[in-house]
Every structure is written in C-alpha cells, then in structure tokens.
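Down below are the structures I want you to see.
Presented sequentially are two complexes of chain A, the first with chain B as partner and the second with chain C.
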Partner chain A sequence: MPLPVRLSCGVLGVLALAAVFGPLLPVRNPYAQDLMAALRPPGAPHWLGTDQLGRDLLARIVIGSRFSLLIGLGAVAVGLTGGVPFGMVAGFYGGWVDALFTRVIDVLLAFPGIILALAVVAVTGPGIGNLTFAVGLRTLPVLARVARGQTLALRNREFVDAARALGCRPWEILARHILPNIGGSLVVVASLQTATAVLIGATLTFLGVGASPEIPEWGAMLNAARPYMLRYPHLILVPALTLMVVMMAFNVAGDYLRDRLDPYASTAS
Partner chain B sequence: MLLHYVVRRVIHLIPTLLAVSFIVFALVRMIPGDPALAIAGPEATPEIIAEIREALGLNRPLLTQYAGYLAGLLRGDLGASIRTHQPVWADLWLRLPATLELAAAGMLISLAAGIGLGVAAALRPGSWTDMSARFLSLFGVSSPTFATGLLFMLVFGYYLRLFPIAGSGGARYLVLPAVTAALTSVAFLTRLTRASLIEVLAQDYVRTARAKGLALYTVVAKHALPNAVIAPVTVAGLEFGRLITGVVVLETIFARPGIGKMLVDAIQFRDFPVIQGLILVFAVMFALVNVGVDLAYAVADPRIRLG
Partner chain C sequence: MRTRRTIAFPLAALVLLLALATTGGAAPSGDRELTVLVPAEFPTLDTHETVSGDQSTVQYHVFSRLYTLDERMKPQPDLFTSESLSKDGTTWTYELRPNVVFHDGTPLNAEAVKYSYERMMKSKGSQRALFALIKEVRAESPTRLVLVTSAPSPSLRNNLGHAASGIVSPAADRRLGDGFGLRPVGAGPYRLQEWVKGSHILLARHDRYYGARPYFDRILFKFVTDATTRTLLINTGQADVALRVQPIDIPRLQANRGLRVGRISGRNIFFQLKTSKGPFSDVKVRWAANHAVDKQAIIERVLFGAGEPARSLVESVDGSTPVGFYQYDVERAKTLLRQAGAEGAKVLLLSPTTRYQSDAEVSQAVAGYLRQAGFDVQVRVLGDWPAYVAAVTRGEFDLYMLGWGGSTGDPDNPFRRLFHTSVAGKLWNVGGYRNAQIDRLIEQGGSEFDPSRRAKIYADLQRTVWREAPWLFLYRLSTFIVSKAEIQGIKVLPGTEMPYFWLAQR
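Here is the complex of A and B:
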C-alpha cells in the first residue's frame, strides 16, 4: 500500500474514532460558552483556540466529526435503499420499467449541483435528518445507475438462467444471485459518494440552511466564523483545514479502492 | 443532419422540463401541515395567512393550480415575492448578469486551465510537472468551495491585498470568486485530459505521424489533441452543474448580487415564489448548457450525430 493511502486510512481511522468515541475523549464541552475566554488563538489550555462565544474549537471539531460522518453515511444509506432496488429492477426487466427509470433519474439529475438539495431543505426546513435526506437524493441517481448497469450486464448470464430454471422467483434472483455479484461495485461507488455527501452536507450547513448554527458541524462553524475571520483567522483555518484533510483522505482511499477492486466504477461515477 | 439532431435533442428536453416544472410547482404543496401557515410564521394574523393562500392559489384544485402555474410560466410570469411583493422576474432580471458573469468566467478558466494542465502532465508522465498537476487536482477535488473561497479571501484579498475582498463591479472583483469556482472543475478536467491524451498518444496514427518525421508539437496539436479533448468537452455539461454549486456558495461569501445569493436568502425567509422561480431558472440554464455541450460534441465528432 503506498504511503499516501496509508496516511489517508490513518486519517479516516482517527475520524471514525472521534465520531464514535468523541464524548468519551478528554475534550471540553463543545457547547459550553465562556465569554471571558472568547476568540483566543491556539495555545494552552485551548489547543486550537476558542470561537466568538468562547467555545473550545478542538472540542467542536472532535464532536463535529460525528455530524459530518452521520450526514455522509446517512445520505449514502438513503441513496442505496432508494436507488439500488429501483436500478436493479430496471436493469433486470428492461422495457417500460427501464424507460420509466431513465425518466425519473433524468429528472433528478436535471437540477444542477446542490439545487435539488436546497429545494428539499426549503420544503422540510433545517435539521440533521432533513439534511441527510436532501443530500441522499443527490447520491441516489449515481448509485441507481451503477445498480442498473451492473444488473443489465449480468441478467443473461448462465447462473441467472440456472436460477430461473430451478424455479426462483424474480425477487429471489435479484436478491440472492445478482445482488451479491454487484455488491463490490456498489461498495466502491458508495465509498466515493460518501465523500461527496459529506461535502454537500457541509456546503448546506455553511449556507445556513442545513442545520441550527448551534451545532458544531464543520460547515456551520465556518459560517459562524465569517464575521470574525479577518482578525481571528484561526476560526476559519481550523475547520477549513480539517475538512480539506478529511476530504483528501476520502479521495485518496476511494481512488485506491476503485483501482484495486473495480475497473468498471471509474466510468460510473 | 445536424439540424435534425438539434431538433431531436430539444424535443427530448420537453418531458424532463415539464416534470421539473411540476416538482417545482409541487414544492409548496409538499410543506408538512398548512403551507400558508408555515410560510407566514407563527406570529402571522389570519388575514396575512389568507393573503398568502390566495397569492399561491392554494384554494383551487391541484390540477387547476398546475395548469394556471404552467400558463403563467409560458407568459413569463413567475409570481410575486411574498416578502417584497415585487414580481420575481424583476429582481431575477437585475441579478442574472452577475451570476452569468461568474459562471462563464469560471467555466472558461476551468476549461483552459484543466486542458492546459492535463496536456502538460500527459506529455511528461512522472515528471515534476505531472506530479504538481496531480497534487493540484487532488487539492481541487478535496477542497470544499466555501473553505477555499474563505481562505483565498483571507490570503489574496486581506493579507496580500491583490484583489477586493467582496462586492462586484469590474474584472478585479471577479478574479477570486471565478478562480475558486473553477478549482474543483479544473481538478476533474486535468485528470480527464491527462488520461485521455496519454491514451491517444499511444495510438498507431500518432506513431505514424511521428515516423513521418513530424515534430512532437505538430503531432500533439494537430493529431492527438483534437481527439483527446473530446472527453473533457463532453463532461463540461456536468462540470457546469458543479460550477452552479460554486456560484451559489461564492455569491454568498463574496457578497455578489447574483441569483445564487438570492436563492439562499429566499430559503431563509421561506419566500416560496422566489425559491420556485430560481430553482426553475437554474434547471433551465443547466438543460440549455447541456444541449449546447451536446451540439459542440456533435459538431466535433461526426460519429455522434450520424450514429
């Protein structure tokens, strides 16, 4: 494994540990305000400094990791549960089902970039759950297309014919015989989509439409820091660099996984 | 033949845009509970709620509402803002140039820089140039636009004082947001151009051209590049979608009076006529750019329009 990939796995490991065990780690309360200690630069006792309300930035970054990861993984889960069955059925049956599939996916993809997610959040209002659903709709078409394409490639193979000859019902063929064979590609695309989902989630909270500004989510932290950034640059440097390092790790690890496991996915995403 | 292709492509667009318009129409109706109450907020008087219900046409049957909405769209009527009572078009029309300016500048920078860097990297794989291009593209792919926007503002606007920090008016105000907006797309286009040119350079006809004694420059410029840029140009439509995300974010950061900032403000105020109008405009813009890209592709590659 090349060094950059090892480093990236390390970063992702730290992220996962911080997300799971955050509250157990020896960090301060990320919500506790201390106006006497507001806007401190990095240094003891606040290793990454404090924000405009005197909240400890290190604690907010550590606890914030769970929001980022929760949104990223949750959104991909939405995309997988909604997109994969739909894509598999479309690829398996073809015909009008497939035509309908193409139409629906075209419509979802007709909204550029984060516009669809913005529309959903406008309707549902802010909140982590709503945000996750909104971002999930963005990952759904990508995952659905991979599922469709892979199923299409497998549906006339001998093992499918054999299963049919043995009397398997269509859903059994899809769930027991085709799904295990397309799982690898789905995992690779899903891992790359997790990175995208984390990014879109943070963009929405940065715009102030995704979640309450109280929450120590990284995008929301950057948004709250904007009025103070010129005099207290650590307020934006800390969350911005954290996000960049995490995104780089996701991309390096995702690319490596893709090159190793699945040549097909490079054209699918 | 080309005209035939254009017509087919535009006709193909109609059902998708109709579906988009229905979704946009349905947005207000999907608000949980009473939409008029949700929009008006908890302190609204019954009169205001009734006024909003009337303004949005929520009293009539659903299909009648949609027919009316569609008829309005065809007349160029996007409704009126709940907040300012001004027609949505009026404000949109004033702000559209700022957005188009940023999107066009971002697109030009990303195509020029992406293809340029990709070519430089592909000509000397493994070299210092190639390594820097690869690192730059990793940086671009991994950097959230809002984070780089703020960092660029801090470094190039505040510390080095090379460009204005915020606002609009003139090319100097455009540089920072346009470069930031282009960054992610540059990354993708560099990767794609590099991969595609390396593949083309390995083809037999390139070897033949070199064997005839043509200079490397001539072979790349005349034989390899036209084939290698087809891949980055086809994804330019997709990149435009990415760019729209950047535009929404950067208009907010750099206080540019465009329709992206207008959309974010409208969502915060739950001003649904404005939200609906802007989402529709973004989708139509995206569709038109994609048709444009497909046309450019068809002109460049006869296999597409004849196939």
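Here is the complex of A and C:
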C-alpha cells in the first residue's frame, strides 16, 4: 500500500475513532462557554485555541467529526438504499421502465447538488437528520446511475440466463446474482460520494441551513468564524484545514479502492 | 516602513499637484459622487412601507416630510413655514412652503400631503401606527393644511418626521401603482436615478429642491452584505462611507489616519419573555433570568465593547431615564428559581442572525449563562428575518431577541407598541405583557403636552416595567459609521442609527 494511502487510512481511522468515542476522549466539553477565555490562540491549555465564546476548538473539532461523518455516511446510506434498487430495476427490465426511471434520475441530476439540498432543507426544516436526507437525495441519482449501468452490462450474461432457467424470480436474480457482482463498483462510488457528501453537508451548514449554531459542525464553525478571520485567523483555519485533510483522505482512499476493486478502472476514470 | 514613507511623500505630493492642476482644488460640479456601503438591501423604497434603517436612509433622501428629525431626534420644520395648534390640542394648521415640486415636476401642495397621508392610513404597512390618531386631513388651500387628531397628540410632530411619513407624488403614484416602490417619486433633495437589484442604488441631486443645494451630485448606495468586505473596502479607500462596521474591525480602522470612526449609541437589545404562559409567567423566574446573565462580559467579549448595559427600556427616546440594573449574580438567580419551583425549567430561546450586531453569538452566550443558573435552554436560530418574525408571531418561543430604537424619538410609539394590552399576544408585545397601570400611563403620556408632567409619567412607566421585567434586559448597542476623514457634515439619527448626507461635503 503506497504511503499516501496509508496516511489517508490513518486519518480516516482517527476520524472514525473520534466520531465513535469522542465523548470518552480526554477533551473538554465542546459546549462549555467561558467568555473570559474567548478567542485565545492555540497553546496550553487549549491546544487549538478557543472560539468567540471561549469554547475549546479541539473539543469542537473532535466532537464535530461525529456530525460530519454522520452526514457523509448517512447521505450515502440514503443514496444506496434508494438509488441502487431503483437503478438495478431500470437496468434489468430495460424498455419503457428503463426510459422512465432514467428520466427521473436525469431530472434529479439536472439540479445542481447544493440547490437541490437547499430546496429540500427549506421544505423539511433545519436539523441534522433533514440535512442528511437532503444531501442523500443528491447522491441518490449518482448511485442509481452506476447501478443501472452495471446491471445493464450483466443482465444478458450466462450466469443470469442460468439463474433464470433454473426458475429464479427477478428479485432473486437481482439480489443474489447481480448485486454481489456490482458491489465492487458501488463501494468505490460510494466511498467517493461520502467525501462529496461531507463537503456538501459542511457547505450547507456554512450557509446556515444546518442546525443550531451551538452544534460543533465544521461548516457551521467556519461560518461563525467569518467575522473574526482578520484578527483571529485560527478560528477559521482550524475547521478549514481539518475539512481539507479529511477530504483528501477520502479521495485518496477512494481512488485506491477503485484501482483495486473496479474492473473498469483502467478504461473509465 | 521607512522606505515606504520616503516614497509615499513625493508620490502623494505629485498626486496632489496633479489634482490641483486639473481640478483647481475640488472636484468639478457635476462630478461629485459619494459612495456609501450599505449592509442590507430591501424590497421597496415606498416610504409607507418602511421596515429597516438602511431603507430609511435612502427614503430620507428621496422623500421630504413636514418635519425632519435632527441629531437629537427633535423634529425640525421642513415642508412648512408656520404651524399652529388649537386650544384643545387636536387641530394642527400648517402653512406649507410655496413652489415646492416633486422630482416629476408636479407641485407639492396641501392636496398632495392629504393624498399621501390618506394613502398611509389605508396602507397595511407596520408603520401605520404612526398615523393612528389622525382623524382627518383637510387641504383648505394649496398651501394650507389642517390635521385633526382624535385626541391631543404631542408625539405627532415626531411621527410626521419619521422616514415612513414621506410625501409621495400623487401623479406618479397613480401612474405607477404597485410599481411605485421600485420607482419612487418624492420631493427630497435626491431623486432615484437607478436601482440595480443586488448591486446598488444611485441617487442624483434634485435640481429644483427647495432647501440648500446639496454638495454631492450623486450618492451611490452599494449593497455589501459581508461586514469584513465593508471593512476592507473602506480601509483601502474604495468607498467614502461604510455603515455598520463590525466592532472587531474598529481598532484597525482607527489606526488609519484617512478615516473617521463615528460611534452611535443606538437601539436597545433585549429578550422579550413570554409572560402569558410558561416559566416566565412567574416574575421570580424573570428576575432569575435577568440576574443570570453577565451583561458586562457579553459587551466586552462578544461585542468588543460596542455597547453599554441597559439601565432602562428604549434609551434612545426622549424621556428615557436610568431606572435600575440587574446585577450579575448566579447564586441569586438560582435562589429565585428555587423559590419559584422552576429549577430546570425548559425554555426555547429564539434568535435572529445577521440582524443585529453579533446577535447569534450573544444569544448563545445568554443561553450559556441561563444554563449555569439552572435553566434548560434550547437555542433556535433563524437566519431569514421574515421567517423569524413569522415564528415570533406564532409564539414559538419562551424568549426571543429584539432590538428597539425610538425611530421617532418620542416615547409614545415604542411603549405603546411594546407594552400596551391592546397588542398583547401580537407584534410587538407577543410576550403578552398585560398591566392596566401601564396602559393608563401610556394613555396619559400619549396626550400630555406639558414636558415635565410627561417626563414624570414615562419615568413611572419605565420603573414599573423594569421591576416587572417582561424582558431580559441586555444592553444599548453602539454602531459604527466609518467615513473618509475629509467628508464633513454627515448627520445621524441615533434612534434608527441612520445617517443622511444632503448636508455633507468633501
């Protein structure tokens, strides 16, 4: 495994640990305010400094990883559960079913991702759950498209014909025979989509459509830091650099997975 | 630094020389433009739909009024040459200035004033309250105007000097209909030349203006929503005036010799508490909240010094007097909560964002203090102001943040709209405060012409309200207007934190 990939896996491992065990780690309370200690630069006892209300930035980054990861993975889960069956049905049946389903996917894809998510949050209201759903709606058509394409390529292969000849029902063929064979491609796309979803989630909270500003979500932290950036740059640098490193890690790891798992990696990129 | 200075001096001398050579020391007439950075755009310039200070600033230039407020919020005669009031205090007679014309060339006479006032009285705008007491408007001759009020109304002059009380051109209004708000026609010192949505408003001097000829030929109001961008633009000389510069940037701008920083003590910021039901219906819980919050720390650390702890309700109005201070005392707050049996009371705190300086940050800080005293606080921040007002109107709060400056300078308007029982449960007494004694004081003050008696009535009112604490009192906010040092004569109305420029020059 090349070094960048190892580093990326390390970053993702730390992220996962922070997200799952954050509250158990020896960090301060990310919600505790201390106005008299506001806007401290990095150094002991606040290793990454404090924000405008004197909250510990390290603690907010660590606990915030939970929200970022939740939005990223949750959105991809929404995309997988909704998009994959949709795409597989379209690819498997072909004909007018395919034409109809593909149009629906195209319509979803036609919206710029952020606009679509903004519209959904405007309808459903703020909150981490709604935000996740909104971002998920954006990953859905991407995954549906991949599932459809892969299913289309497999549906006339011999093993599918064999299954059909043995009397398998369509859903059995889809679930038992086709899904395992397109799984690799889906994992690759899903891992890359997770990175995009984390970023879009942060963008939306940056725009202020996420949840309460007390929640230490990275995008919301970036937004809250804006007025202070000329005099206290650490406020904006800490979440921005964190987000950047995590994005890099997801992308490097995703690329590596594609090289290993995706049979079409050499031709399509 | 030294090398830079040695270059800078000859360079500046050269520029100055060139400027003198080409212009004779000043910009040629016809080419004097003032660029003003404005934080927020607004949907309309219709004077009768005034909702924000930024909008008022532009409206004050486009429309003229019977009175114009001065820097102490005192109404000064504008469109008339004499006024008289009948003995019973209800009939006002004005002799209007002759030969005043609107931007479209039609005459501004008593008929036009009557048309405007009746238009205002029929409008659905929230400022209609300013005209609530006017019963009848009569145009007895082209220059004689008579106003009849249903009760003596000492605040009438101030109300008629408000930005919402402008006189519109009847001809333009009839011609444009609903489009009037986008192409307003008044008789003010400047007329609208261009409005590019999302970008700027350009005003040009009204050459037939009846008052002193303004120095600037044009005023460009540029919408720059991001506060840091406004700071950078004014600091690099790319604008003449920047409104509402954020306090954190003030030291940096004060160090710039080419700039002047103006500080205005403006509106009061507070949380209105839901007194009609829930935890805050108990006065002890309201006191607890007031003692729980360290106002001084919030001013110093969150507002970077841009405020003073409130010692009364709306301190920018005439007759405001210091009536008290709730000392920061967590133990006392806890004791009060315990006595009220309200420990751990669940409260929903509603906050706007980017409406008032650092509003969302202050709300979080207040929530933090309330939690320390034993409240269970949930914070909800709504960015969009209309959505915020809608949530407030629906009563979805236990406490919500509000700012109030006396936009007319007179105490009648704010106190009537914030505390009178007739608006309990509605804007802006959504918290539902009811007190028959306060209602009586509002009625008395509203029709008392004698200044000393009036002052006593309002002092009583402020003391009573302060003691009953229907609000969590916070601070009187300071706002900053930064301008190039060479620009003189910018006037500012503290009640609305609103400047006007027709007396300004370079």
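Basically, the second predicted complex is superposed on the first by the 262 of 269 C-alpha atoms of A that agree within 3 Å, B and C clash if a C-alpha of one lies under 4 Å from a C-alpha of the other, contacts with A are read in each partner's own complex, and residues count from 1 in each chain.
In this text, a contact is a pair of C-beta atoms (placed from the backbone, for glycine too) under 8 Å apart; a residue touches a chain by one contact, two chains touch by 3 or more.
Computed from a predicted structure; not experimentally measured.
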Handout entry: Residue contacts with chain A in the superposition, chain B compared against chain C
Key = B
Practice task
Using the touch definition from the top, say if A:Q52 reaches chain B (first), chain C (second), both or neither.
Solution key: second
Practice task
Figure out whether A:P233 sits in contact with chain B (first) or chain C (second), or with both, or with neither.
Solution key: first
Practice task
For A:G219, select first, second, both or neither according to whether it touches chain B, chain C, the two together, or no partner.
Solution key: first
Practice task
Quick one: classify A:T203 as touching chain B (first), chain C (second), both or neither.
Solution key: first
Practice task
Answer with first, second, both or neither: which of chain B and chain C does A:F111 touch in the superposed model?
Solution key: first
Practice task
Kindly classify A:Q33 by the partners it touches after superposition: chain B alone (first), chain C alone (second), both, or neither?
Solution key: second
Fill in the blank from the handout: Check: chain A residues flagged as touching chain B and also chain C 208-209, 226, 229-230
Handout entry: Partner chain B, residues of chain A touching it in the complex
Key = 103, 106-107, 110-115, 118-119, 121-124, 199-200, 202-203, 206-209, 219, 222, 226, 229-230, 233, 236-237, 239-240, 243-244, 247-248, 250-252
Handout entry: Touch list for chain B against partner chain A, complex
Key = 15-17, 19-20, 23-24, 27, 30-32, 138-139, 141-148, 150-151, 153-154, 158, 240-246, 248-249, 252-253, 263-264, 266-268, 270, 272, 275, 279, 282-283, 285-287
Completion exercise
The answer for chain C against chain A in the complex is residues 226-228, 231, 246, 248-249, 252, 294, 297-298, 300-302, 353, 358, 360-361, 364-365, 367-368, 378-381, 383
Handout entry: Of chain A, residues touching chain C in the complex
Key = 32-33, 35-36, 38-39, 52-54, 208-209, 212-214, 224, 226-231
